[in-house]
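In the two complexes that follow, chain A is the common piece, with chain B as its partner first and chain C second.
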Partner chain A sequence: MTQPAPPAQQDAPMPAAKSTPDKGGSRRPLGLRMDVRNLSLLGVLAVLVAVGGFTKPDEFLATSNLQLVLTQASVIGVVTVGMTFVITSGGIDLSVGAIVALASVWATTVATQEFGFAGILFTAVVVGVGCGLVNGLLIAYGRMVPFIATLAMLASARGLALQITDGKTQIVTVDSVLDLGVRDAYILGIPPLVLVFAAVTVIGWLVLNRTTFGRRTVAVGGNAEAARLAGIDVRRQRLYLYLLSGLCCGIAAFMLIVLAGSGQNTNGNLYELDAIAAAIIGGTLLSGGRGTIVGSVLGVLVFTTITNIFALNNLESAVQQIAKGAIIVAAVLVQHRTLRGAGEA
Partner chain B sequence: MAPEPPLLTMSGITKSFPGVRALDGVDLEVQAGEVHCLLGQNGAGKSTLIKVLAGAHQPDSGEIIWRGEPVSLRSPIAAMRLGIATIYQELDLVEGLSVAENVFLGHEPTSAGFVVRGFAARTATAELLQRLGHSEIDPSRLVGDLSAAHQQIVSMARALSHDVRLIVMDEPSAALDPDEVDNLFRIVGDLTADGVAVVHISHRLEEIRRIGDRVTVLKDGRAVAVGLPAESTPTRDVVALMTGRNVEYVFPERPDKPATAVKEPVLRVEGLTRRGEFAPVHLELRPGEIVGLAGLVGSGRSEILETIYGARRADGGRVLVDGAALPPGSVRAAVRAGIGLAPEERKTQGLLMLESVTRNVSLSTLSRFSRAGWLDHRAERAAAQQATRGLSLRPDNPDARIRTLSGGNQQKAVLARWLLRGCKVLLLDEPTRGVDVGARAELYAVIRRLADEGLAVLLVSSEVPEVLGLADRVLVLREGSVVHTADARELDEHRVLDLVMEGSPSA
Partner chain C sequence: MPEIPATSRRGLLFGTAAISAGALLTACTSNEPKTEKQPADNAPVADDKPGKAVTIGFAGPQADHGWLNAINVNAKSRAEKYSDVTLEITEGSNDTAAQIGQVQTLINKKVDVLVILPADGKALTQVGLQAMKAGIPVVNLDRIFASPQAYRCWIGGDNYGMGLNAGNYIGEQLKDKPNAKVIELAGLDNLELTKQRTQGFDDALKNYPNLRKVARQAADFTVESGQAKMAQLLQAQSQFDALWNHDDDQGVGALRAIAQAGRKDFLMVGGAGARSAMDAIKADNSVLKATVLYPPTMAASAIDLARALGQGKGVSGMAELEIPASLTLYSAVVTKDNVDEYLPTGFN
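Moving on to the complex of A and B:
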């Protein structure tokens, strides 16, 4: 079999070629390539720490304050890891805050608390996964738009949470749960909730970057039609993704119960916005096809640190909100520029 | 019409997108008052050309001369100001606005610069509709409530609401009934009598002779014929220009042994049907055999492939692989049974454009590189590299981003995906679309080699020489039906073109 192989095969040098030299060797084999965007976010975090250390040197850098910042980041951080998966697949989950609320109140009813630690943890997780299941079924098999389906879940889960509590705070009386939040439970100075967050982050990173599940998530977000024609079960993948997001919400709800010592129907208010914002400034594409767990976690840390610095300096929360908004805009502008530089319209 | 200076002259227009050169030095010349037909297969560059003309795309190089002056069409507004109006195939009307609001969208008659004078707009719209012979359309009705034909008229009214000298119509007749088409052509006649030029894009060859003055044929981003007289050029020549070879392709030799005699078919299609798309199709595909489906756009070629693949659910009939019937409408079942598809639209249906070659190639085989869901990146990359090397994909770098590859190499990545999977039946839909001429011969050789190695290949192509040169057997399709089946060596291009067009009024 002779191949004609004309010399013209080296056809058409592509215009985007100039933007690719960094993507060769450093990408493999470990895939630990640090995104430029992650580096810049790390820079932002460093600047924030410097600002905090400069304005309130004694308070900001105190161990107890750092423990507080990390603990606060943990709850929303776990939610953001789940959100990152959903957004990477081209979806959105607006119901995370409401699911956290519902799971936290369901897990702290008098009846549930009778089953102790395990009962609370189990209920929180099952409620979270259950809500995710409903989201997933509606979106994957009911062909609803994720925005609408999860918006509906937002409304109804919050409503159900209010109904369960009747607006009252449900105090937790199970000591083994409360003990997780006290200083005595810290391991080498690290609060257990932060360890949970770290574990979820590591597992999330591994799943997104090291498993077929993660790869399929990226494929569905990058080009759902191509994924379908390549033989991937796109619908089942979508269902799993909302289940995963619900699971993260359940875990976060349990963490919030530990932190607050109670369950409230107002828990997790606006978590959806914080989680989406953190994922986006981290570098996950809202249109899907690209996601980074490390970026999302950095995004969460940036937001939590800002909140902390503003609180320490007694600045109004209004200023805080403005600063957050400005960071989101700046991050997305950088993202657009990066994409355009990579030759995408 | 030679003495008059042309209204519009485009020369040497080039436009590249990542991975493909959509326009490669196209010339177009339009006279005032003529209907200039622009012909070409899907992907020939027609849409890109009219988008350049509409100011929606900026050409990489080339010159546009409008009424004797070189111009640059920086934006759609710039083009509109010059008097160039474009009616797109997918009507760009706002369904939630009224007819008059759509017609004057962007240039509403106003008082004091910002108060919309709704009455003036409605009156002017009524006049435009009258001129178009459709005074029955109420200017205050919502566009979303109108029929497709009436929406087309509204689009036309919008074009005429500007001081227009050139109207570009992208397949205006595609959504229309015959008598609506008659009305459209009557309007076109009126416009050209007023000195307005019309650039008309259509797949319906008989329309060219009805209303066209001259014809420009595009193929692979080049103008293969500029300004042919529409009346005296035989339809067959036009089709030959659209589908034919403009270079001598080098086709690989067929094996001596006829595959048909030896083996059991690996793929059997029995009476497969989809209402409105294609009539019951029967075909058999044996290992080592390449079967071609020839036909014009709209003959049901791609639909048949996608239905075999399960991407469309069949209304009737069966698909059997090695004697076992596949459940209808399941891509996964087809893939598991050993069918692979290289889809028509590589970028939107085939590839993950943000990802590397490796990740595109391994997409259908992920489970092979994983244990309990954990991916072995090294094994994945090595396997992808081996598969792409076998097809001499360049660059030989599995980490290269797929979008930086040329069209031919992107197609090889799609083929590598199925080779890696080890499929038995390969469905190729326009495998050389957007592939540079030089790279085609290599792709042909690859396809033939895969067949020699025992793959069964079902090939769809709108290029008749490609089907005849590459396939062992050819099925000719017209309007959703197989009208002829023959050994490729017994057919020639003219015979196929006759079969493909048979029954069309101008043949």
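Moving on to the complex of A and C:
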């Protein structure tokens, strides 16, 4: 016997069941709306590139700088892809930074490093997935609010990371891991970390836009009750989504180990805010029901490019922070305006 | 609504896989093989002979990075060295309110002497005053209270001196080079100590008219930020002659960025004195040629001072009957020539 539905929604099954295929049917206008959003973000990015190219033409427009910006974007980018799924489903994952810290620390202990490249990669990914599993179980089956469950994970994972490191910096001595970050490892001029980022993005886009899993994610975020009545196992879907976010954190942790050559309990500091901000700027709805991987990636690139331009122009950190805040507001305002212009506000 | 079957073969399979992965992972949390040799054990200050028993209360911030961890280790191992010292150590906290509570607990326990490394010096001034009024002498470690009435003795590092010595060392190395370019990778910019370090560095560079600081970026003491900011600096400056990095922890990341960019054409000086930095200086196979100390051994010295205070003694090797009111430690420059001497004080 299923749970009795609340009286007000007594006749909900039919329209709800209908509304799900409808969403698929109205794919085109929805896709168009996202395009407008992405377009405006592309505009912001173009303005940034112009500013960078104007202020520091030699340094900013160099190939090496493109490689640098993409590399710096890759770690947080992978986290953001996972976050986009979670937010699209109407959830939130505040624990991503802490999971990255825990995974990177666990994967760089002396004991793990003895297992070499594979040991480090395996540990990072499994710890990430494990944390995601705990999040997912608490939220989906323990009926905890995502905000609280992942906040608890944030605290515990950071604590455990500190416990393992004892506040020390764990330096990686496995050369095969470190070598992935150096110039010699670039494939056709593309850093391996950027390739991983690209792969995660493409897979993420395909899963969200071209699979049942993706459509279910959108449906759960749009109206969980309707999705349930339409036959979607909402709880299992939620579990999978936090697992996915954990997996992304695990991958990101490994990338961070390659990049920083070490594991530290301070790793992944404030990633949750960066990832959420990038996803929201990209056009993913914080209340769920709409998500765009392309937008999220553009959001990450906007942030990284801003940081890059500031550093190249040798601006002080205080100025950087002020300007970053202002640019976020400006980017969102431009978006709203473009949307209204397109008659979609 | 479809229920999930209680058990399934797939579930069992994944369950077993998860448990074995978990078991494998838990075996991987060990960090054992590090052999700890405690610094400064061989240089006692007052006489080593057991005297009046002293209970020292120690309150510090959360040891969330290498230097602070070394502070705790130094304090503990120094206290263990003395049979007449009992150390009451609180759980570290970065929260001002929590730390005030911890110090008050120590006051209520009536410890003989307090050693306080405040998370925020100014914010803990009141509780320092309270202790002093309660007749418990306070040794203020490193982050200074706002009022000298809040401590009997202050001992700490010299942030300005760090910058000064780093700048002078770089100046001496490059003194024959016309139009030499210097860049600075600073620490967390919203800390006063970062400003002091930069001030000292700038003042030192003024002694060498051929040097010019062309760029300065602030990281936040983490490896990750060190890598990110250094990568940007390297992109911004296609050629420069020397780099001063405020902190060896973030220096791990900075060195990765330098290796990743394949750059070798400059000289790097670190800060604080981490073990990894000293190892690199000794090996002499990277751009890192020196580091200026901000010695965590100050915690061991603070225990010495607290013990002397508790026993009513002075410091040996000095004519004074009382211990000084303030002690600023010297930021020595560790290079390949003297690294062996300092290696035991390097922290992880």
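Throughout what follows, the second predicted complex is superposed on the first by the 292 of 345 C-alpha atoms of A that agree within 3 Å, B and C clash if a C-alpha of one lies under 4 Å from a C-alpha of the other, contacts with A are read in each partner's own complex, and residues count from 1 in each chain.
Basically, contacts are C-beta pairs under 8 Å (C-beta built on N, C-alpha and C of every residue); 3 or more make two chains touch, one makes a residue touch a chain.
Since the structure is predicted, the reported quantities are computational estimates derived from the model, not experimental observations.
Undergrad: Once the shared chain is lined up, is A:T212 touching chain B (first), chain C (second), both, or neither of them?
TA: Touch partner of A:T212: chain B, not chain C.
Undergrad: Just checking: does A:G250 make contact with chain B only, chain C only, both, or neither of them? Give me first, second, both or neither.
TA: A:G250 sits against neither chain B nor chain C.
Undergrad: Scan A:R290 for contacts with chain B and chain C and give back first, second, both or neither.
TA: Once the two structures are laid over each other on A, A:R290 reaches chain B alone.
Undergrad: Using the superposition on chain A described above, determine whether A:N223 touches chain B (first), chain C (second), both, or neither.
TA: Once the two structures are laid over each other on A, A:N223 reaches chain B alone.
Undergrad: Report for A:T169: first if it touches chain B alone, second if chain C alone, otherwise both or neither.
TA: Only chain C is touched by A:T169; chain B is not.
Undergrad: Which partner does A:D233 reach: the first (chain B), the second (chain C), both, or neither?
TA: both
Undergrad: Where on chain A do the contacts with chain B and the contacts with chain C coincide?
TA: Residues 3, 228, 231, 233, which sit in both footprints.
Undergrad: Using the touch definition up top, name the residues of chain B that touch chain A in the complex.
TA: It comes out as residues 16-21, 250, 252, 309, 311, 331-332, 334-336, 341, 343, 348-356, 359, 363-364, 366-367, 370, 373-375, 377-378, 381, 392, 394, 397, 399-401, 403-406, 408, 417, 436-439, 441-442, 445, 448-449, 452.
Undergrad: State the interface residues of chain A toward chain C in the complex, per the touch definition above.
TA: 2-3, 56, 58-59, 62, 64-65, 68, 71-72, 106, 109-112, 115, 119, 123, 126-127, 130, 133, 162, 164-171, 178, 181-183, 228, 231, 233, 236, 256, 259-262, 264-269, 307-308, 311-312, 314, 316-318
Undergrad: Quick one: which bits of chain C touch chain A in the complex? Just the residue numbers, please.
TA: So the residues of chain C touching chain A come out as 1-2, 4, 18, 21-22, 25, 27-34, 62-66, 68-69, 189-190, 214-218, 220-229, 231-233, 235-236, 238, 249, 252-253, 255-256, 259-262, 274, 276, 347-348.
Undergrad: Over in the complex, which chain A residues touch chain B? Could you list them?
TA: It comes out as residues 1, 3-12, 14-17, 20, 23-25, 27-29, 31, 210-216, 218-219, 222-223, 225-233, 289-290, 342-345.
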